[in-house]
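Here the structure comes first, spelled out in structure tokens, and everything after it is commentary.
Chains here go by letter, A, B and C, matching the order in which they are written, and residues are numbered from 1 within each.
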Amino acid sequence: MVAVEMQHITKHFGHVLANHDVDFHVSEGEIHALVGENGAGKSTLMHILYGLYQPDSGSIAIREHSVSIPSPSQAIGLGIGMVHQHFMLIPPLTVLENIILGNEPVTGVGILDLAHAEEQIKTLLERYHVDVDLHARIETLSVGIQQRVEILKLLYRNANILILDEPTPVLTPQETDALFETLHGLQAQGKTIILITHKLHEVMAISNSVTVMRRGKVIATCPTTQTSHTELSRQMVGHELALLPPLSGEPSHEPGLVLEGISALNDRHLPALRDVSLSIAKGEILGIAAVEGNGQSELVEVITGIRKPTEGRIIIDGINASSADQMPPISHIPEDRQKRGLVLDFTLKENLLLGRQHENAFHGMLLFHDRSVEKFAETTLRTFDVRPPDSRRRCRNLSGGNQQKVVIGREMTKDSHLIVAAHPTRGLDIGAIDFVHRTLLKERSRGKSILLVSSDLDELMTLSDRIEVMFGGRIVLTRKTRETTLRELGQYMTGTASS
Amino acid sequence: MLVGPLIALLLSVVAGGIFILSIGQNPIEVYTRFIGDSLGNAYGIGQILFKATPLMFTGLAAAICFKANLFNIGAEGQMTIGAFLTGLVGSYFQGLPGWILLPASLVAGMAGGAAWGIIPGYLKARFGAHEVINTIMMNFIAMGVVSYFITNIVGVPATVHTPEISPSTTLARLESFFPVFHGSPVNLSFFIAVVICLGAYIFLTRTPRGYEIRALGLNAPAAEYARIPIRKNIIITFALAGACAGLGGMNFILGYKHYFELGFSEGSGFIGIAVALLARNNPIGIIVTSLFFGMLEYGSLTINTIVPKELSNILQAIVILLMITLTKVLGGWIERKRSPEPTNA
Amino acid sequence: MLNSLLTVAFLSQCLRISVPYAFPALGATFSERGGVVNIALEGILLISAFAATVGTYFTGSPLFGVVCGIAAGGLTAFLHGLITITLKADQIVSGIGINLLAVGLTKFCCQLIFNSSSNSDRIAGIDQWSFFGSIPILDNPFVILIFILAIVMQFVLFKTRFGLRLRSVGEFPAAAESLGVNISRMRHAGVVISGVMTGIGGAWLAFNQHSFTDGMSAGRGFIALAAMIIGKWNPLGALAACLLFGIAESLSIQLQSTSQYIQFIQLIPYVVTMIVLAGFIGRAVPPAADGIPYEKDAA
């Protein structure tokens, strides 16, 4: 029985063709991986299946009945459920409230019947061996548990077809194992699972069939046993990607950045960093591995001067930088380029000035020097391959990869010796990711100190000379990259390592 | 870019027509008289320029804050305080020559307006307190404070105005240069206002501080990332805006009645918001839109015998509502025509 | 003077004065819980006061006046909702625009109907409505109503399906939509409720004074928003804050009669509002999506 059959699906967003005559089918009871790099069209396709978008043309059949899905309500009614990449959970509400929202059991005039709901959900918890405190507020729960709540939402609505959109980037290796165990359990109960991912080793590990998409089209569909990691990679990208050169040369012994005993509070005035000390040599890349919420964001903010530490010293290039006035220039690639790194409604030229608006080269006594700014903009946009290299274009109209290149162009041309890169390849397609990696390696060979924070452990292992793990606001592990493993990193990231 | 404002204007004219019809009058007749009496003679044009002058100042007061994504509803109070101080300084120092006293009165006005703006600005910067509610509260407080001083201390007895200012600090009316404007109170303040608008434009677009304010208004987290001091800029923005509003009284006090009078502003603090929005917060555009609203103000007086003059207030409000909806609707339409990037395709 | 404070008359006055703050404040909680900032409450107070005046004037029935007030309030709020929810324009400027519209419209119509742009003719009040006869505090149905409504609204917000959905839409609309909740409908409901509540308050203003006066809302709509913030967006909390404002204003009225600083004393409510807002903001967190129009593809 074919659980899901989508035929000739086409979807435009303005001029962008997100899905182009896509045929996609999933057999009942299988775990089907939908694979492709960022921007390939996989999420769009599944959003159409879940009723959040409407296709321009094409048809959908569920369990061999032709259907129309104009909104998520219909999808839910058909037994389709979706766990989104960015969790759709409401932080100040409880687990129970989040699960029943939209399908609330009520008495009489619309009064919530919470007791009944609790009973129902407890049954689910038992059947699927999941353990969650129903009255906890979402904002107090870890990412791994929040994901379980998302899955519970689907099961509460008797979903038989579960779509999971990139479920693993936010999980440690151990949490990923736990998730896969849950998925196998669901499969055993007859559920059909569609897994959107770009992590090929996961595809090989857990899926029964796989569909590859690239640039809005389906490239191939086949049983997982009949394909391989390299084959899928080639289909995803369309060509062989040259491997990154291995790290060449050793870092110097000169320290570029030193942190001594740094402690800091987060936005809620709770301790985020506890007595953190580290040092990065010139010509070295130090990778920081951590599960979201363990202090790595605050670490970046303290080093770049956005957040004041409560204790400790920061020494950059030999200068004590603990007071904001004395901050030497630092190159900072922020973790959310649209929120922090760019002003989307500014032109590219104006964005290249962000954080650099006071540099003497750019202005005279009172006003900006239009000519010097323009020249800088033209040169930088060309050097860093921003497309289109039009300095008057509004940043909003550029693709994610090009926007990141604007940020990188601005930051790498600063007169700085320290680079702080936070999740620099998030949301980028493979070409842009490669560009970022090569840029970081180039800066390393030019003797810069680089702090790399990333949730992609593969990226960290490839680029870093050394890796440190943060947990609970402390550094709990320091290793040379070649002397550690993904498994070991995962254990320390979740605090489950035996010391 | 101009499509929104033009459509808004068109629709408000239509709305006005509907109101006129609803009270049994002929819109064509009313509009003809409206345009004829206001634009058809030099006196009318003079009146329009006169009424436009304070609107340029209050328009800037609103627009400068809008650029920083701050809502300054307090231009009315800022203008009142600034104008009051201008009148006081002008009348107190009778002996001083004009080249000292005139700048002094203007500085007093700017300082008063700036101070009145800094208070809610500081509360916002330091405590995150809602500047909308606070600036509105400051309006009421300004009225009360000034009213007290006029009634009990500095006012001319049995009136609600301050003593007359020194002749050395008056601003000449245009009719002394161009006799054709005879009878209308338009004066040199008009040109000062235009110059200030130009200065505001240059400040916002071509200076580092102006850049910081705009960045802050468009994306505060990015401004934080760029080490732009947020609190300091909020306060500076409110100070500049308040200073502009504080100058709004010069038209009436230095160029017309030669004293400060309670209620002189007739709500121009609030009309300034409409002026700013219609000009899409562009200081050069504000010169144009203030002329439009000045015409609306004066024109409604010319037809007052047929249609209540409050029609102009209604149309001002309609322009505000139309502008925000049109910019949104048209903006969305334009975005859909270009190629938007869905964040995860 | 202290003796006069603790009299029943004083308490009664406090309650009465709280009424025109309480209705908009209670309404505002529902609007903002759904994610729509409603600065237009000031204008809605004015419009509904005028509507109630006109309705009572032409029919002689205060009950009809209240109905007119409620209808005017609901309709004006619906306009705000159309602009900010359906057309997704800026909520704050829409509120300011509606306030200005209210001022202009009421003066315009007042001029047309009563030949004065500042004052209407006298209308009957609600003096003959006492339910509980001579018991001083309870003789006013509006006072009783604000307490009942606060309790009911608190219950609805936290214990009913409507309340849960309203809160979800104000915190994280994308999440609510992904579960099939209609964001637009919920938000419109919240806004219209705020208009209806405020409409009752406006009618009260008109009846209390027995006429309509230009600008008679005097900033109460804004102070009501401050009360909502202090009350942490809970109906019961908002009511408590309004009672505090009522006490403050009553005190200032008592002071006025013995002082020459009348103008300053009249400013007490406004100054108090600013001080309290500054002190409270750090501890009061609005619904996360408050003030942000919901755009589908921005997720």
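Remarks
By definition in this document, a residue touches a chain if its C-beta (ideal position, glycine included) is under 8 Å from a C-beta of that chain, and two chains touch if they have at least 3 such contacts.
Treat the numbers as computed from the prediction; the structure is a model and nothing was measured.
Path length between subunit B and subunit C in the touching-chain graph (shortest route): 1.
This structure's chain pair with the greatest number of C-beta contacts is B-C.
With chains reduced to the mean position of their C-alpha atoms, the one farthest from subunit C is A.
Centroid to centroid, with C-alpha atoms defining each point, subunit B and subunit C lie 29 Å apart. With centres defined as mean CA coordinates, subunit C is found 44 Å away from subunit A.
With centres taken as mean Cα positions, subunit B sits 47 Å from subunit A.
In subunit B, the positions touching at least two other chains are 340, 342-343.
Residue positions 297, 299 of subunit C each touch two or more of the other chains.
For subunit A, the set of residues touching two or more other chains reads 13.
Of all residues in subunit B, only 19, 23, 71, 73, 120, 123, 126-130, 132-134, 136-138, 140-141, 144-145, 147-148, 151-152, 270, 273-274, 277, 308, 310-318, 320-321, 324-325, 327-329, 332, 340, 342-343 touch subunit C in the complex they form. Those residues of subunit A whose C-beta lies close enough to touch subunit B in the complex are 13-16, 18, 38-41, 43-44, 85, 165, 216, 304-306, 324, 327, 332, 334, 339-346, 350, 353-358, 363, 366-368, 397-400, 427. Of all the residues in subunit C, the ones that touch subunit A in their complex are 159-162, 164-165, 167-168, 171-172, 174-181, 288, 296-297, 299. On subunit A, the positions that touch subunit C within their shared complex are 13, 50, 52, 71-73, 76, 82, 84, 86, 88-93, 97-98, 100-104, 106, 109-112, 153.
Against subunit A, in their complex, subunit B makes its touches with residues 202, 206-208, 211-212, 214-215, 218-219, 221-227, 335-345.
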